[in-house]
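Got some structures for you, see below.
Here come two complexes built around subunit A, the first alongside subunit B, the second alongside subunit C.
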Partner chain A sequence: MADMTAKPNRGYRRWTPFWFLAPAVATLLLIGIYPTLFALITSFRRYNIARPREGFDFIGFDNYASVLTDSTFWASLGTTARFYVSVLPIQVMLGLAIALLLHKTGMGFLKALARVTLVVPLATTYAVVGLIGRLIFNRDFGVANQILNAIGVGGFDWLGSPRGAFTAIAIMDIWQWTPFCALIFLAGLSMVPGEIEEAARLETTSKWALLRYVQLPYLLPGLTALLILRSADVLKLFDMVFVMTRGGPGAATDLVSIYIQRVGFRIFDLGTASAQAILLLVLTILISRLYIRILYREVQ
Partner chain B sequence: MRLSSSKLLHALGLTCVIVFSLFPFYWMIAASFKTQNDILASPPVWLFAPTLDNYRQVFSDSKVFGAVGNSLLIASATTALAVLLGAPAAYALARFEFRGKADLWFWFISNRMMSPIVLALPVYLLALQTGLLDTHLVLILVYLTFNLPIVVWICTDQFKSIPPDLEQAARLDGADQFTIFRKIYLPLGAPGIAVSAIFSFIFSWNELLYALVLTRRNVQTAPVVATSFMSGYELPWGKIMATGTVIVLPVTIFALIVSRHMVRGLTMGATK
Partner chain C sequence: MKRFLNVFTSVLALAAATASLPSAALADWLEDAAKPLKGTEISGIFLDRPGYRAIIKLLPEFEKKTGIKVNYEIVPYENTREKQVLNFTSQGGQTLALVDLVWIGEFAENGWIEPISNFSKDTKITDPNLKLDGFFPLLLDAFGSWGGTTYGLPFDNYSGLLFYNSCMLKDAGFTKPPATWDELMTVYAPKLTDASKKQYAYALQSLRGETQSADSFMRFLWPFGGSLLNKEFKSNLLSKESQTGLKFRQDLMKYMPPGIVSYDHAEAVNALAQGQVAMITEWSAFYGTLVDPATSKIGDCLAVAPEPAGPAGRLPALGGFSLAVASQATEEQKKASWLFIQWATSEDIAKPYVDAGGVSGRMSVYENPEVKAKYKFVEPMVASWKAGVPEFRPRFPSWPAISEVVAEWGSKMMLGEVTIDGGAKEIGTRMEDILAKGGYYDGKKKLLQ
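This part shows the complex of A and B:
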């Protein structure tokens, strides 16, 4: 966090901060809170706009009951969790390896170049990442199968098979977000005071010991941030997967945001979708609380 | 010149990092210069005679042109609004203590994490009822839900780094808060404001879900149009990849400008 040493203002009138904040807060109430309340109300109503004849009555907790007993909803949460535990360890390990390469002394130009290119995946429009994935993982003319054939494994139907599709979206996610992990770890590594690192290098030649006993403490806050942020990111992951697989084949890549979008905007059952969205919101709020409790301790 | 094996390994590793980061990007750009036959070649060709046909098609397609225009308008307008509303709020958060400050922070962080589908459902219904569906305005407003927190966060951090003495001195000269904000904080905080504006532009430009759900014919954004080419029997791969390149190139350049701030922007400053 920024320095907290700056003294707050003295002698200002009580209402001064209000005037600076009011426009932003009013806007957030209008575009954030009001729609959220509207979703909450919708979640207690029958609200299928494809079947207006059924009416829009209040039905209490019926939508929630049907969501909580909907095996597809739970399956989509399960797929989301499986996606998280599939990509995150790889992203963390690759990211750490890249950060260590970038932290090592020497190779100035190549390091600077690598550091800059890491930004490219992060900035690439998520939908376009999906388009690129469709091309790379095409069964007939995709480069992924060409590479597999070249090393003698043999290609297969990536996007047409459940396992292949899940792996393909995981690979695209790993491509896009490993740089994020790398940059966070690199920031952590550069926080290690120079004298301490020098002294440790004199004591031991083991890189592992250096990492474990000197650098790791500085990497932990970043790792914690990553674990929490990435969990929220996976819960909201939509664009890339929608473009690449639309959740298929079958339900192989049916992440929770994809499923809710389908219930809301394909089946047009907005009552049920709103109940699902509210549950997702509750989950997100819990994650945010965790993030703040752990990482912004000094603010509170 | 002799290289030790450790140096060689280091160089090799870094080269792998560069290839890893750029390969999908390169593959898209390469495909955008290929003829349909070259793209459909199995196995894929790495050397080919480049063609500009795909770009000719893209730049003469009024749909793509209109979509890029829509994206530009929406991303610029929402960014301008986010800065206009966010910078004063950031000043209050940086320099004043008041009740509810922690709650406001919490609100901003939650917004960073929330799935857009949560708001897309009610905003769709509200837009349907008020006739705002398929207008620029609805996207400009809804994008503020993630842009405003980003702007407020980055600017708060920047304003905190401005020495409070400057403000005290100005107050002794009789300046009121608004003058202080305008004459001291805006000019001295300009770098942070610019960074936050670039972030806000990138996020808005890249967004797909809201744009997909809240627009129809009139205000389709560039990612929506690029995605829409992905249907039908024989996909125009070259054109799709050329459109993708046109979409990604401007934001990549922006991202390179703010690359030093990338981590702070994406973590809401939890790590430095």
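This part shows the complex of A and C:
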């Protein structure tokens, strides 16, 4: 039993926790809060750094009004939404399937190897994923068309057609982020108490029932986090798409992040670009709240 | 004795001749001018292109002569303007500005670069052989000048050229390249296209971005008598001539490889290099890539000609970069940067620069028979530079925003997502909106392009 009469550690003071936390808080303020506040303030100003003579006056909600009436912004947001609903269900399904396979007993070495392999796409830089994508989907010497030719389907003009380009960036995103889903689900499955799972297996041979009534409750917190992270990530997905298609052909892959980058760093209208970014931040928060309300359940 | 005298006289004559060579003179004035600037560091941005690799090869000579250290960062073209604008607006360390011809208006109007007259009036730091009239007038005007003031000297210079596979043309019964666009499409293209063998007559790089707006869209306006803007800076894209040019581009697509809207420069050059297409219109700077056996299979079949003419004449694509002194540099850095710019663009360095893979803007070097004989691109390029449109792409500050609009709707036209006149109307409306915001319609700004 601990000696309750012992004197407190002499090195521990009232402010000690503060000093431990201070570096993390300061860093967060510097790299998280300050840029966000700066973007918020900029979104209310005329702020085109390529036209310094026009000045940087406060113009109220003009930037927001111009964003909300900009048909290109809405079109790119629509393309982003289409991309999101195209890739996410596939990533969740495939991720869950991989996690369930890895959760099975036996084949320890292969499973360990598979877990390590899952990290590779995640560790690959977005721009590199884009470069790999350009090679894979090259019309003349890409692997994708070689496979299609080998099975007799015939080559396809991936990056030169709107539908092909959209499919190509979706495939690359699925390749990169399915392992993340698998790892999250695997972590959730490992939280299921062994005795409960064992008991359930004795009760039923239905894998669906096992998943639905025993494993799923443990997967929901991870799924919620996954959906929130992927929502934010798709809204800011830039490098891979820019390298593969630059938003084209036409506007087929013009995701909202590509459009914001163009407004911010080609036209240098940082006021409008900041307003767009703030609106996306609000959208991300709303989507996150929605996911938490609908999906998140603590396991009782 | 007589033999000794002969040799002695020859040596003396050679020494005298060498002493009178401009390079010796260059060395003298440059070394003298650089003495007070020894140890100064200057910095700028270079691209990963032959002209920059060439000057990097020659740099040790400059640094040895002057004691000035040249720092450079190699940046992809697409990020170059962004990086420079951020540097200039944050008063960064860049002392040299690399100015694409379409940035000159923006850089000059914002005061980010200095007129060369600020330095050239100081004889201590100016090459006695500077000879501005030794540059191709079109290049000095288009790349280095804005509103009648010269800011930069032409450094990395391009003209659009017709690169073609003479063996493929010969097999199809042609002994010379097409002289006009009409001839290319109606006479040459049908005989050079066989889609079943994946052989196509022509490839036009049309990837969304500056490639679509500058290389693809604008290329079919000027030769057909069209233009982006009229004299009042209103859209001219619905004019009969502009529509004819854009329609021609659309019709020509049936002789191009499928998916041409995903072709950047690399893909177009590669298509010719690998024998997939018979002709491309590309920048002169890609000559090196096409003659290099490591990157091209075309070999001796490569031939070069000026771009085909349209109903309005031969008005090929024009592009390139000048070097200018950045206003934010210190006085020493400005002087040192000015010395570097003069050296890098001088007549004396022009031959070694060309031999190292660069394309000089000096006229004299292309009169050299050795250069003419060695580089097939010289004659057509010089011919192209003798006539051309400085505002092939408008050089005003609003171009980057307009370029984005053209890139999006130009691609949509090619894909058939909009009609030619529908796309032209859309570009026109958006372009005029950008120009209105830029102050071009309320008299705030001169109508310079």
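Assume the second predicted complex is superposed on the first by the 224 of 300 C-alpha atoms of A that agree within 3 Å, B and C clash if a C-alpha of one lies under 4 Å from a C-alpha of the other, contacts with A are read in each partner's own complex, and residues count from 1 in each chain.
Quick note on the criterion: a contact is a pair of C-beta atoms (placed from the backbone, for glycine too) under 8 Å apart; a residue touches a chain by one contact, two chains touch by 3 or more.
Nothing here was measured: the structure is a model prediction, and the numbers come from that model.
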- Counting only touches as set out at the top, which of subunit B and subunit C does A:183 meet: first, second, both, neither? first
- Message: If you tally the residues of subunit A touched by each partner, is the higher count for subunit B or for subunit C?
- Response: B
- Query: Should A:140 be classified as contacting the first partner (subunit B), the second (subunit C), both, or neither?
  - Reply: both
- Task: Could you look at A:200 and tell me whether it touches subunit B, subunit C, both or neither (first, second, both, neither)?
- Result: neither
- Considering only the touch criterion stated at the top, classify A:243 as touching first (subunit B), second (subunit C), both, or neither. first
- Task: Check whether A:265 is in contact with subunit B, with subunit C, with both or with neither, and answer first, second, both or neither.
- Result: both
- Message: Residues of subunit A that sit at the subunit B interface in one complex and at the subunit C interface in the other, please.
- Response: 140, 265
- subunit A to subunit B touching residues, read off their complex: 1-3, 6-9, 11-12, 16-18, 20-21, 23-25, 27-28, 30-32, 35-36, 38-39, 42, 97-98, 101-102, 104, 106-107, 110-111, 113-136, 140-143, 145-146, 149, 172, 175, 178-180, 183-184, 187-188, 191, 221-222, 225, 229, 232, 235-236, 238-239, 242-243, 256-257, 260-261, 264-265, 270, 273-274, 277-278, 280-281, 284-285, 287-289, 291-292, 295-296, 299-300
- Task: Please name which positions on subunit A make contact with subunit C in the complex.
- Result: 49-53, 72, 139-140, 157-162, 165, 245-251, 254, 262, 265-268
- Message: Residue numbers of subunit B touching subunit A in their complex, please.
- Response: 7, 10-11, 13-15, 17-18, 20-22, 24-25, 27-28, 31, 39-44, 84-86, 88-89, 91-98, 102, 104-107, 109-126, 141-142, 144-145, 148, 152, 156-157, 160-161, 164, 167, 171, 177, 181, 202, 205-209, 212-213, 223, 226-227, 230, 237, 240-241, 244, 247-248, 251-252, 254-256, 259, 262-263, 266-267, 269-272
- Sort out for me which residues of subunit C touch subunit A in the complex. 81-82, 85-86, 89, 106, 109-110, 198, 207-209, 212, 257-263, 276, 397, 400-401, 403-404, 407-408, 411-412, 414-415, 417
